[in-house]
Amino acid sequence: MNPIFSVRDITKFYGNQKGCEGVSFDLYPGEVLGIVGESGSGKSTLLNVISGQLEPDQGDVLFDTRHAGMVSTTAMAEPERRMLARTDWAYVHQNPRDGLRMAVSAGGNIGERLMNIGARHYGDIRETASGWMGRVELDTGRIDDRPSTFSGGMQQRLQIARNLVTGPRLIFMDEPTGGLDLSVQARLLDLLRNLVRELGLAVIIVTHDLAVVRMLAHRVMVMQRGQVVESGLADQVLDDPQHPYSQLLVSSILQV
Amino acid sequence: MTDPSDTSLGDTPPEGTHDQDYNFAYLDEQTKRMIRRALLKGLAIPGYQVPFASREMPMPYGWGTGGVQVTSACLVPDDCIKVIDQGADDTTNAVSIRKFFERTAGVRTTEKTGEASLIQTRHRIPETPLEEGQILVYQVPIPEPLRFLEPRETETRKMHALEEYGLMHVKLYEDISSHGHISTAYAYPVSVEERYVMDPSPIPKFDNPKMHQCPAVQLFGAGREQRIYALPPYTDVVSLDFEDHPFTRLRNDGVCGLCGADDTYLDEVIMDDEGTRMFVCSDTDYCATRIEEAAE
Amino acid sequence: MYVAVKGGEKAIDNAHRWLGEMRRGDRRVPQLETAQISEQMTLAVSRVMAEGSLYDAELAALAIKQARGDLIEAIFLIRAYRTTLPRFGYTSPIETARMRCRRRVSATFKDVPGGQILGPTFDYTHRLLDFKLLAESEDEQAEEAIPQDSADVPHVLGLLDRDGLIQKEHRTDEEPVDITREPLEMPASRAARLQVLARGDEGFILGLGYSTQRGYARNHAFVGELRIGLVDVEMEIPELGFAISLGVIEVTECETVNQFIGSKTEPPQFTRGYGLVLGQQERKSIAVALVDRALRWKELGEDFLGAAAQDEEFVLYHADNIQATGFVEHIKLPHYVDFQSELELVRMIRKDAEAAREKADD
């Protein structure tokens, strides 16, 4: 099987401050990769670079496009990259406010990506939106309500529906359970796990929360000071960490 | 507009017919050339907003300075102009703009749509169909159809460049989901030649279909916002909608109390304080012509 | 029976006559001479020249008289007149370092080479109405002391520059954009920003500058130097091969020194906000410098804090009072057609809603 996404030797500096350095990995269809580390470890910088929001100083990011196979996304023209961002890719923000239009109804939020790629039948758009609300366990009766009237957990589920509606093949997630209560987190993780499995999605999930990684990820990369210090199968790394920093991270979660 | 690249236009107006303190049609020739270049670019890329270095005019921004500059750049001494505001020739701002060109250009003026070689309008398209050789100049307050969805100019220009118009339909979707109808009654957005989404200026959506395949040249000037755009004759102009919620014209379904027309856009006039109302054609020339014809 | 409204033309003529009458006021009071305005209302004249961006005190005085003292209306008259003037070319940059200063103060150093010059300022006047001015008495005459040559009045911020303590300004021989000849496009160059601010509405810029001090994009400013005085305006004449003097204008220049702790791209040092305005426009020039500094966040690698004064499009697209007053006031023009369209729509939606309610009640 060929990778769907390939990251090669990505380096990003801010002035003379290191963001991340020399990061490489491949991601296969249906695979969930967790990137863990404390704040300042470079994991968010890495996510921003590989999702096309920041330009790398060095290295390349390749994506298996539907039409042309493996293509460098860093060399892509902006229109193509923006097209990719609203079709085959999706990005789930930590704060749902960053990923939703708060002044637009739930149905409109889900429908936007469809309308972006040319959907022009109101009834169909609405039906699809309603179907997705059901899939993420939102009350379809609230399709015309604005997200500001939703709880944090509901907003996050709405953001996920909005992202998945166009059938993307690769999803970037930035601390998707960040601001949520523990019980809400568990429900969201459960939902995510099922969706990912059902739809065969490739996912890159950045988090400081090892519980999230244990629940969702097949593989894990541990980052410290901008570099990958350990990577491997999720269970392996979490149960038997080799690098002292990984050991520290794992032991700190056990104390909780 | 004859040949806009002909820079001799207006250089030698018949002496004594316009105020000699100012150049023909007020603007200097250099400025007119700059505006004509923008107009040509606009005609070449229908619906695309061309930035232009709008000048301060002796009337306030928002009162038709864009339209006045476009008209000024197009006028030749043997033009005959008509100026309407809200469909009427006699509204104060229309009178004021007509007087301005009478004084600075000395051109003939008319109230008859069919007689005018150039019509400057605010908020209406005349009911009488326009013909080849005529120019319709629209006064535009906000040229950017995406402005109220995305306030940033840098972002909206990118959206136009990349044809990212999904947000426009999100707005229409929201209208239908909350009101059952698309609740945009005027300045209803259109798609031009299946490429640029364009603001038709605040004309009622009743007038939108008149832009489609119109034989006249349609020019749009936004002075304060420094934008010009244009539709050459016979351009496809389609109002945005959904397949299952098609665009509809909107008018009061009454008849004109003066001329009896039942297919024109009507103004509502309040007759007394008991709620008595009367509906009359907003296009005063069209209405008066019908009354004259009926009397003959 | 309703008859279509006519008579717009007559109404306008009558309104103009009435306006003339109101401008003149009580005819027992002598008519105001423009020389009185240009000599005794100098700060109003300064503002009209600055925001009208035309340096002509006599025309500014005429505009103020004609506008019945409405300064924005007067600025509008000047702008409309300015448009019709042919453009001969561009002058050489004025040398504010060679300004013959009427006033020059620094808040950052107690004494500076060339000295502090308090000048004709309201600063330490007690704001008590001076009833003597009600009577027509002559004020005491003061001697005006403008040094003829001021090669010895260096810029205060130049002293910091020598020690490398202030951020180096990007030096360029690039021709700056002319915002009165080219459409303003975003992102704008600093030259374009400073031009828009220089002729922007004093009240708007003042409010924005104030907001930066109150924590909306706070940038810890001190007035490094404020100077008001006369500078020569020169123009290179290609046919002659040398510059000739066109005259002398008064300008106000303010440079602020702003604390700066450094960013991803810049070391800790002081940074500068800059404001230059035609005429004596002290308040405005300080406010311009504050807003200029706030707008430089991107160049200095600072964070965008969502403050209005940092938002280039917000500031530049709303600073011009002639644009603003036109658009704000245009909503008093007839909008019958749009309103009618809205009316029909609201009626239609209400009818639908009522029908739905009745159906639900059945």
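Order of writing sets the labels: A, B and C. Residues in every chain begin at 1.
The criterion applied here is as follows: a contact is a pair of C-beta atoms (placed from the backbone, for glycine too) under 8 Å apart; a residue touches a chain by one contact, two chains touch by 3 or more.
Treat the numbers as computed from the prediction; the structure is a model and nothing was measured.
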Remotest chain, subunit B as reference, centres from CA atoms:
A
By count of C-beta pairs in contact, the leading pair of chains:
B-C
Centroid from C-alpha atoms only, then distance subunit A to subunit B, rounded to Å. What do you get?
47
Just how far, in Å, is the C-alpha centre of subunit C from the one of subunit B?
33
Provide the list of subunit A residues touching at least two other chains, using ranges where the numbers run on.
none
In the complex, subunit B residues that touch subunit C:
22-23, 26, 28, 30-31, 51-58, 60-63, 65, 85-88, 90-96, 99, 122-124, 141, 151-154, 179-181, 183, 185-187, 202-206, 224, 226, 250-252, 257-258, 265-269, 271, 278, 280, 282, 284, 287-288
Can you tell me which positions in subunit C touch subunit B when the two form their complex?
2, 4-9, 11-12, 76, 79-80, 82-84, 86-87, 180-187, 313, 317, 322-323, 325-330, 333-338, 340-345, 348-349, 352
Subunit A residues touching subunit B - in the complex, by the definition given at the top:
78-79, 82, 86, 101, 104-105, 107-108, 111-113, 115-117, 120-123, 125-126, 143-144
Contacting residues of subunit B [partner subunit A, same complex]:
161-162, 164, 166-167, 169-170, 173-174, 176-178, 242-245
